[in-house]
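Two complexes are shown next, each including chain A; its partner changes from chain B in the first to chain C in the second.
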Partner chain A sequence: MSFDGTLSVSEGIATIEVKGELDASTAPRFHDLVDQAAEQGAVRLEIDARHLGFLASAGLRSLVFARQKMGDEVRIAVIGATEPVSRTIRLAGFDHSIELIDA
Partner chain B sequence: MSQTKVLILDEHRGAPPELLAALESLQAEVHRRTPGETLALAPGALGRADVLLVSARLAPATVKAVARRLDDEGQQPTVVAFADHDLHLLGSHIQAGSDYLVPPFYPELVRARLRTCHERAELGRTLEDVAAHAELLSYERELEIGREIQLGFLPDALPSPEDWEIDVRFRPARTVAGDFYDVFELVNRRRLALVVADVCDKGVGAALFMALIRSLLRHTAEQSGLQSLIAADLLNETHVWEEQTRAIPVVGATPLLNAVVGTNNYLTRNHIRQGYFATLFFGVLDPVTGNLVYINGGHNPPVLVSPDGSEPVLLEPTGPAVGVIPDVTFSLGYAQISPGDTLFIYTDGVTEARSDSGRFFGDEQLIKQLTEAAVRGEELLDHMDGALGEFVGPAEQSDDITMMAVHRRTAGAVPADRPVPQRRDS
Partner chain C sequence: MTVQETRERVDAFPTRRIGGYRVRAGRPFPYGAHPVPGGVNFSVYSDRATAMRLVLFEKGAPRPVAELEFPPEFRIGSVYAMTVFDLDAENLEYGFRADGPFDPRTGDRFDAGKVLSDPYARLVSGRDVWGREPDWDDVYPYRANVLEDDFDWGDDTPLGIPTEDLVIYETHVRGFTRHPSSGVSAPGTYAGLREKIPYLKDLGVNCVELLPVFEFDELDNPRTDPATGERLHNYWGYNTVSFFAPKAGYAATGRFGMQADEFKTLVRELHRAGIEVVLDVVFNHTAEGNEDGPTISFRGLDNATYYMLTPQGEYYNFSGTGNTVNCNHPVVRDFVLSCLRYWVSEYHIDGFRFDLAAILDRAPDGTPLPNPPLLEQLAHDPILRHTKLIAEAWDAAGLYQVGAFPNYGRWSEWNGKYRDSVRRFIKGEPGLVGELATRMAGSPDLYGGRTASASVNFVTAHDGFTLNDLVSYNDKHNEANGEDNRDGGNDNHSWNCGEEGPSASAHVRDLRTRQMKNMLGILLTSQGVPMILAGDEVGRTQLGNNNGYCQDNELSWFDWGLVEANAELLEFTQRLIAFRHAHPVLRTVDHPVGSDRVGSGFPDISWHGVGAWRPDWSAHSRVVGLMRCGRHAKGGAVADDHVYIGINAHWESHDLELPGLPEGQAWHLFADTSLAAPHGLAEVGAESELHHPGRYHLGPHALVILVGRDRRTG
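Presenting the complex of A and B:
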């Protein structure tokens, strides 16, 4: 399945745009981007999920990794998640540790 | 040896005339290219090469780049460096693993040389293949052992209390699974624990955490069963239930809360860095009354289906997935399974099953199929299996699939003629 992720950092805000499907086979590429965002000392991580069609449980695990990697003081937001993706995040109860915006 | 295909590599597409003449008399198929040309060729345009004859004047790194390019296309020709006068240049090629060819280039000598080079390379490849295959076999054997051990973490047989039918389908997508289910008796066999869980991600990591989480849940529940029985006997439990109060204790609520909260605390305290968690449904059933108290930790809502055609009831999450958020609160949910009802508990492998065109089975289709199906346990699972199989078609199963049907017989119904329920694996 297709996946594409790009990282941009501006004024301490790291934005990872994810497209396609985040699952067991594509999650490692997302982890790499989170690592890079953490290395650049971002104070906020925004995950642009407008074009993410599917988030598998391995993808949920990626969000846990992002939470760990960035540290507690960094706010993490998932922006513009499609209905299936926001439902997966809410169902697992992750909407308490990760902000859902425009979803 | 059939006609040998030789690719000669040189910056000037040159080669000693005697060598070319020898190759011609051996009727070899010869192509001459520069390294630049070879690397620039489109994939597939290279043609076959059994032997890569490289001029010793080329840098070994250049030769390696060309060999890698051929390897990308599944070709591993024997690499032979040749020199006409400048024999000292051969040293670095031999160190890099190439064979060599030096004058005089008499046809019979060249033929013999190429043949031994070829045979040695074949032997080397065979040995590499054998070693790789042996390694793979040993991994497979280890994985198979893992699978067998993991099966030991699932119940051998399911309890069958009077008037109840409990059936399970369990289909791992890989050799080892992250899904699991459990059914066991609690509080002096007065209650039945029903567990369906899905450890995030797949493969060996998920399987290890499956074993841990299953054991923590079961052990804690079994150990904390009796105190609550004593506590509940002091109160009037039936009354408590009718009030739909959230007051504790309801028999079974204590082992349930202890198991889930205890497991969450253990995981967040000891394993949070590994990032594994489980979504789970853990219900404690009173087989006499059909009362069910449960915790749904971020799991797909089980569906309670009635035979009277009323709307199915979804048992929504009462807390987050287990193992992520330290010290989180889990609430209790309550439901009543009436005679004739079936509770269908499943993992996301069902709703996220995909058709050949990539569509998901989905929640709506799940509810539709459940309401259409005969509500008896085994038949319901057969029906769901059929619906899933038809939907998925020839596509590969991408995730573990677990389905549990808990059916309460209508009063006086004759149990179906069936053997003792067994685990159904495939």
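Presenting the complex of A and C:
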């Protein structure tokens, strides 16, 4: 399973680009990036999911982690998620705390 | 002052290794599996086991990855507890293996060959997608998982709707949106139901009662449809496998193990819409059945504790399903209480309806107890203090406690006598006027000394005919259930209005519609808490099947095409519900007594016949009128109009003399079920004054609802 995540922060907006598969084995790396984004005081977190192929339950759980790590005042968006990924996020009910934005 | 440096917790260190895993003696409470710093704490009770092992699987793996025996020093009393470190909880399934004697005469049925599911498992995998064929040879079919409690409830708080103000809607998570006509993105799921919340709001109900949502196995039914040969499912789900786990197959995200989140989201969104959630819970028996049933959990962990056994060690069968949960054993009481507390605190559930609740007051030897400790405990529990507790106050072994269920001033009951009386009266049976009057007044004969909300009134429920079938079939038609039509009740008190089943006759169809409206009209103007079966508001049919427990198909599913096809009945129901919400006099806490308690000049409730103030209680009478005095609403605390309900179950029309109103007031027509739409139904608050102030001509098989209030001037 391949996963690649990169964090960039610009003008208070943190962007985490995720590629590959976010599951139990790769979620800790994603969590580290969320930690770093929080430490840098981001006011908005964008998760670039255009190249995210698969989201396992641990990956969904990671979105909950991000939500709670970043605090209420920080807006979180998942950008460009594929239909299966965004559908899963919606059905689980996470679209209420996380914005889903088309790429 | 703040702590500058967070020290690592001392209890986060393992003390030894077992089977290559770093572990330490665990905490006995809470039972089950809970994440703790650095690991997961496991705790399980067994009084009679001689050895206990924790069995660990990687998710979905056919064989365990490890088995860790609890050393003697990890046992406190009869509880085995161990913290295991460095586990990947997301990718873990766990169970227990208990060794001990197999001697049914002493109640022991240990089987070290089985991997047992944790009774306290909060997440269970194995039936993640509804109906999907499993590996029948799986050594561990219902697998306990570790759940993280990290759901964001936002500002969700209990709605706290007074019980007497509820309008309950009984529905099935899957059946509500599984039909292709539902138009939701994930049919048959919690998420699908969430998409239909606007419909529920428009209907006006403020409480949904969900058929069982605790994990069960829809594939545990061995029968097939004799006509098609297709597998019959356990569709209703009254056969619990795991009491702390929401049914995964009801979640669109069950395959991701996200069913807890999806269900919590549903509850949160229902609350946002002003709708409470009551769960139908089945504590009277488990899915393990009798001696021949599967060993899933309880039987293998401590059979003699969890089940009522005869002196010979056989299973008592008060539930009619093979076994009976030993509810008043102290350990089992604790289990039931913990379970309900969990659903209230973690899922924000507003109340519970207890299936075959009479079993909950039986002692371990089956004797009914006058003061059953479990029921008393539930009634006074701090966490459950404001939840609704509703009993199905009978069991399958003849214990019938409607009106006599030990209630501690807290419990409500499904009023089975209400159901039968309304059905029989509307059908046209003689000698029922007095009986109907008592039921509409909140059944003070059954619930005297308690509030009127002790009575949950219903005409139909999941078990039995739908409302449409009640007026379309004289007899049940359960052939598709595979038991030669022997299953299901025979005391339906139904009348087909002249023709069995669907009818081409306009006369028959009109009469059926009217009879459905009559029963809805009685239900929603009666004292007590009305409960509507989902789909009755649009005339849902099960083609005469009165026991749809195994029919996971169009027979049971809510056909959304009916919303348009039967728009008239739907609108009638919507407005009736709105009428109830608008008139607090119908929702008064105390039973009406028939006298003037506020100095209004009118009794709180009065009875009428063809002549005003002259009710005809005789055996041949089929007409009754009742007036509720609005000044008595909520004990006189709020202002309301007068409400008159006239009911004619006779096949001829009658002229009803109406009781007089105070000077300046007049009767206004809200609903008359004998008039064809759009006549005979007003908008709530916009009712028109009657042309003839003192009389009302009511057609055959009809019901009229009038509002007495000030004449419009000018």
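Throughout what follows, the second predicted complex is superposed on the first by the 102 of 103 C-alpha atoms of A that agree within 3 Å, B and C clash if a C-alpha of one lies under 4 Å from a C-alpha of the other, contacts with A are read in each partner's own complex, and residues count from 1 in each chain.
Note that in this section contacts are C-beta pairs under 8 Å (C-beta built on N, C-alpha and C of every residue); 3 or more make two chains touch, one makes a residue touch a chain.
These figures come from a predicted structure and were not determined experimentally.
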Clash or fit (per the criteria above) of chain B with chain C on chain A: clash
Touched partner set for A:Arg29, first chain B, second chain C, both or neither: neither
Partner chain(s) touched by A:Lys19 [first = chain B, second = chain C, both, neither]: neither
First, second, both or neither for A:Arg44, with chain B first and chain C second: neither
Partner chain in contact with A:Ala92 - chain B first, chain C second, else both or neither: both
Partner chain(s) touched by A:Ser57 [first = chain B, second = chain C, both, neither]: both
Touching partner for A:Gln68 - first (chain B), second (chain C), both, neither: both
Location of chain C clashes with chain B - one stretch out of 167-175, 581-589 or 599-607: 167-175
Chain B and chain C footprints on chain A, overlapping residues: 24, 27, 56-58, 60-61, 64-65, 68, 91-94, 96-97
List of chain B residues in touch with chain A within their complex: 178, 198, 200-203, 272-273, 275-277, 279, 297-300, 317, 319-321, 324-325, 328, 348, 352, 358, 360, 399
Chain A partner contacts - residues on chain C that touch it in the complex: 88, 90-91, 148, 150-152, 154, 185-186, 189, 191, 194, 251-253, 256-258, 261-262, 264-266, 268-269
Contact set on chain A toward chain C in their complex: 24, 27, 56-58, 60-61, 64-65, 67-68, 87-88, 90-94, 96-97
Complex interface listing, chain A residues touching chain B: 1, 24, 27, 54, 56-58, 60-61, 64-65, 68, 84, 91-94, 96-97
